[in-house]
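Each of the two complexes below includes chain A, the first together with chain B, the second together with chain C.
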Partner chain A sequence: MPEGKLCNRKLVDTKEFLDALLSDKSGEQYYEEMNHLDVDTAKLWSTIQKTFKSRLKTWLEICAHCGLCADSCFFYLANNKDPKQVPSYKIQSTLGEIVKRKGKVDNQFMQMTMDTAWAKCSCCNRCGMYCPFGIDMGIMFGYLRGLCFSQGFVPWELKIGTGMHRIYNAQMDVTTEDWVDTCEWMAEENEEDYPGLTIPIDKENADIIYTVNAREPKHYPQDIAEAAILFHLAGEDWTVPSEGWEETSLSMFAGDWESCRMQVESVYAAMDRLKPKRMVVTECGHAYRATVIEGPYWAGLKSGKPPVESLHYVEWVAEALRTGKLKLDPNKKIKEPVTYQDSCNYIRNAGLGDCAREIMSYIAEDFREMTPNREHNFCCGGGGGLNGIGRYRVQRNIGLKVKRDQILKTGAKLVIAPCHNCWDAIRDQEEVYHDGIRWSFLKPILLDMVIVPDHLKPKEE
Partner chain B sequence: MFKKILFATTASPSCDYAARVAFDIAKRYESELIAFHVLGIPSRGFSQSIQDVRTGETVSYDEDYIQWVVEEIKNTYAKQLDDYSKCIISAVPGIPHTEILRAARKNDVDLIVMGASAQQEDGEDEESFVYRSIVGRTLQSVAKAARCPVLVISRPAASFWGGFSHIVFGTDFSKAADSAFLFSLNLAKALDCKLHIFHALDISSVHTGKLKEQDEIDEQLRDARNKIRKKYLSNIKDFKNYDIEVWEGIPYVEIVKFAREKFADLIVMAHHTKISDPEKALLGSTMEQVVLRANCPVASVNHPDKVANL
Partner chain C sequence: MYEIVTGPLAWISFSIFFIGLFVRFVLYIKGLDWKADRVTYRVNVKYGIKGAVRSIFFWLVPFGTRSWRNNIAFTIAFFIFHAGLIITPILLQAHNIILKERWGFSFFTIPDPVADIMTIGVILAGIFIVLRRIALPEVRILTSVYDFVILFIAMAPFITGFLAYHEAPAYNFWLIAHILSGELMLIAIPFTKLSHFLLFFLSRAQLGMDFGIKRGGMKGKGLAW
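Here is the complex of A and B:
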């Protein structure tokens, strides 16, 4: 059978198609159709010829099969050192084969490739640090995901994710009205406790433009309120854009590069329109990677940088605490042992490890590092889109073991996880393993210990 | 009075008593009733998966699923709906307190009615722990942030909204309590019943060994009475049907005892704690303890928006 109704090579750019995908319970029909989806081998090969360039070619060829990448991969460690989980094997047996066979692969092969690209690699890029040649399998898997996507072999939830980005310019069905309304609501709900609190929308020339993850307006609006309160207490001149507020990119996890570009351009357009001095993104790892690290290339910006200087939330927090914009009550420092989850996307891939340590030095009395840590830290186990994919739940849960062992070894019961994905994975880990671990973003922790300046306190009668 | 009422329900037996009250009030005042159910809590990251709050199962939702849940709720409340049809049923996925507050704001409702599980002792298994903490947190968050009064019903004995003769207003003298007072007063006027203005002086510190001299207690009791006179009676003007009482003890115990003694039909309090940690919320504030123990509905009022004109 050629293409199915739901599982096909078409892009999800109509609401009808998106709704049809959503109404397919757990993707049953979608995956059934996938069993019959033909591979367009000619298109696959021509895509490869156009996009498979010198860096990836070199990497595939010079891999010496030394296996030094094996122990770097949390999937390999979590699966009893199964040789099939060695990163070089995983990429050689999928992308390597497709190239070798000049794209002449069948349905079964593509499904195996999909299962490998999403359930055996979270694109955490750790292997790249341990390869003597610097071969980064995470980057190659990212490329491979793009090939899979172009052939229609992509997990159901991520196909939906690309549709959300294409239709709503957000990873979830949050419209501009929903977003603006949520901001107004959150300001309203907190203005009594924090007199003068506002969430300025579309203010021009502000010092900071703040962008978020669509989950926040959708399910966790308190997160937006917390950010607003902290900006308010720090005396920042800030704003949120009515459009272009969504920083995340499920399209990046899915390999839908065109919608990656569309998404990130909406954020850059907000920057161009409102001319802020700097951008700060919420506590989300892949949002930062998508908009600050990869985005400029998707959007074809020659500078390789976003239109304005862009900070991850931890950079802003470290700065605010360092300069005294935010003052913390020293008596309220976290007394119990506490550890920090280094998100791959902004620690390993963007070098913000020092910021995290600086913050912990201000807020914790007994900070315990995981081993290894910083850029050597392991993925939470849910990165690269894995948290949201039902088909790979079992594999994901096995992968969580490595992070769990790391956390338990610290003796800390509290994990600070300033990344939506890590936060989810650690929550799920607790759901699966019941270790009594608690997890938190930075914002609620900071709100508990911040000193409210006298002139911003509510007036009691 | 109460043009629009949001009845937030788990669509399970724990909300049966609240349902009775919600439909009773709606019928009495011909209010527009919205039976509102948060059907599942988001799980699995960004995906459409939710954990159904009733079954605990992970499901992916869409319009059909939501419609099916709405039908289920219609069946649950078939009897009440037969009797009173001015009721819209609405089900959405999300975090319960967030969605309840969002819907209350969007529909500009005048009253939220909620149930609360009184069976806190039952079952130590994890599911009930999770369930309880969700209920506790939902109640806590909704009561704190709602712009309108929140009426909470936890026990069968508390599930009648009938002829009113006694309203107990428990005050802690906070700013939020001003709104609670205004609501009590206006309600007492509208329903022509007696208003009991009550304060419980917290001497629970005796349990930690900090004994207070009786003189000190007496003085504080006197102070509290004066405070009530100054703060509330000056606003009362033409309304005469009230009394003032100040007792010492553990506040929630005293309020419940006082309400029982007065055959109260409603307790009104402010609830404005800032604790948002569900674990701590489980231990409960005064209001939550009152909710779980009172023989009558308890209204939490924290904001002036919806209490001035009843």
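Here is the complex of A and C:
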């Protein structure tokens, strides 16, 4: 069988295909079909010839096999220093071999490559900081994921994710109507407690356009309400777009570069349409990475920047606290020891470490840094799409150990995790290891502490 | 024999070395692609240069990066090895005498005892690197015969040079072997992993630009390597 019905090289461009994938429980049929999926070696090699350029070529070629990358990898550490988890080994034995064999690899090899690219690397890019040659194996694994995707060797959930982006312009089946309804509902729910609270939709020339992660309208609408309340209390002139509100990119995790472009272009189109001064994205690491850091390149924007200045939520919070737009009650500062989970995507890969520390100085009396921290942080263990892939649950749970040890060492029981993936990973970590750890986004913490200005308080009857 | 190895063979090996490195340089730069690499090399050039310089500088300073600090023994061996590898052949008195005779110029030189110590340093550090390769599982799994061959090519001029300088028996043999192994290294540099002689700088600069331009360099203080 050259290609399966579900597992194939086709793009998930129709609702029928997407529904068929969704109805395959746990991807059983999908993975069974994968066992018979042929590798289009000619296409694989021609893709490599077109896209494998000097940076990657040099990285593969000059690696001195010194092994300094080993200790940088949380998978290596979590797996009792298994040599097969050394980043250099992982990339040389997969991408390195494919290049060496000029694309002539078989099904079994591609499945091994897929298992390595998704279950042994979260593309956290930490190894790149520890290699004397600056070989960033996270970037190489990102590239390798693209090759795997183009051959149909991609985890089931991520294939679905690309379909969602292609059809709904969101990682989940949230339509424009669902989104707008959710915003209106959340505004209504809270306007009694916060008179004048609205969630302005498609307002032109606002100071801020706010964008989110589709999980929020789908599963955590309260998050949108919290964001709205905080913007309201800060007196921001803000809006959400009815279309182009989703910043995440399962396509980036899957290596479907074309749908990555389609997704970010939907957000950039909203910016062009509504002409806001700035964009703020919710507490999500990879959403920011996808739309603000990598997205402009997918969309071919020569400036390397999105159409308007774009901020991660922590940047907005730090600014709002610094300028006094948001005032917190100092008596309500968190008294217990508390630590902060540095998200790889906006700390190491976007330089926002200082914002996080600034925020913690306003909200915590006993802030405890993890070791290492900031750019040198370890991945939460669930990045790069790993949280959502059932096939690799065991590997993911082993990987969580490194973050767990880091958290336990701080002595803090509360972790501030302004990133959906980190938040999930720490939740799952608690589910697996039962340490009594609690985790939170910033928004609920800020809402507990914020001083509501008199003119915004509900009038007493 | 001496005439051949110091005459035409020297010319050939130096030519291959310089032309080879030049070609590698051009190919590397030509192969950079702002869209594929996702780094706007030509925009925000100032941030790019700053990122590149920081990325190279901290890695050239012993213990200048966290990776160096985490691996003390290897870092010491690494710097002794590379310092000896580069400084000794260029600043050795004997080499500069030849340079003066042939081309009428020379660099300043280091005293012979210093060169001797550096040569021993290269050999000992090289042995350490070989043993480390065999001893550590995380390095062993990456190691192939090729890695030992490369190390041997780099160390051979020093072993033979040391023997020749101390007038070991069969002086002439060691002298010719020294010159040939030096020429072999020059020829090998553009074609093997030894190309990191040049590509270290280009690759470090590239990642430095990546972080300097795109991944936070324009917002933070610059990556703490």
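Following the convention adopted for this analysis, the second predicted complex is superposed on the first by the 461 of 461 C-alpha atoms of A that agree within 3 Å, B and C clash if a C-alpha of one lies under 4 Å from a C-alpha of the other, contacts with A are read in each partner's own complex, and residues count from 1 in each chain.
Note that contacts are C-beta pairs under 8 Å (C-beta built on N, C-alpha and C of every residue); 3 or more make two chains touch, one makes a residue touch a chain.
Computed from a predicted model, the values in this text were never measured in an experiment.
Q: Mind working out whether A:N387 is in touch with chain B, chain C, both or neither, as first, second, both or neither?
A: It touches chain B, and chain C stays clear.
Q: Where does A:G353 make contact in the superposed view: on chain B (first), on chain C (second), on both, or on neither?
A: It touches chain C, and chain B stays clear.
Q: First (chain B), second (chain C), both or neither: which does A:G134 touch?
A: A:G134 contacts chain C only, not chain B.
Q: Just checking: does A:E61 make contact with chain B only, chain C only, both, or neither of them? Give me first, second, both or neither.
A: Touch partner of A:E61: chain C, not chain B.
Q: Tell me which touches more residues of chain A here: chain C or chain B.
A: Touched residues of chain A are more numerous for C.
Q: Applying the document's definition of touch, where does A:K100 land relative to chain B and chain C: first, second, both, or neither?
A: After superposing on A, A:K100 lies clear of both chain B and chain C.
Q: Go through chain A and flag every residue that touches chain B in one model and chain C in the other.
A: none
Q: Which of the residues in chain A come into contact with chain C in the complex?
A: Result: residues 51, 53-55, 57-59, 61-68, 70-72, 76, 81, 83-84, 86, 88-89, 92, 128-136, 293-294, 297, 300, 302-304, 348-354, 372, 374-376 of chain A touch chain C.
Q: Please output the residues of chain A touching chain B within their complex, sorted ascending.
A: Spelled out, the residues of chain A in touch with chain B are 19, 22-23, 25-27, 157, 160-161, 171-172, 185, 188-189, 192-193, 215, 218-222, 248, 250, 382, 385, 387-390, 393, 420-421, 424, 434, 444, 460-461.
Q: Give every residue of chain C touching chain A within the complex, in rising order.
A: 27-40, 43-44, 55, 59, 66-67, 70-71, 74, 78, 133, 136-144, 147, 193, 195-196, 199-200, 202-204, 206-208, 210, 213-221, 223-225
Q: Mind pulling up the chain B residues that touch chain A in the complex?
A: Per the stated touch rule, the residues are 42, 44-49, 59-60, 62-64, 94-95, 98, 101-102, 105, 126, 145, 175, 274, 276, 303.
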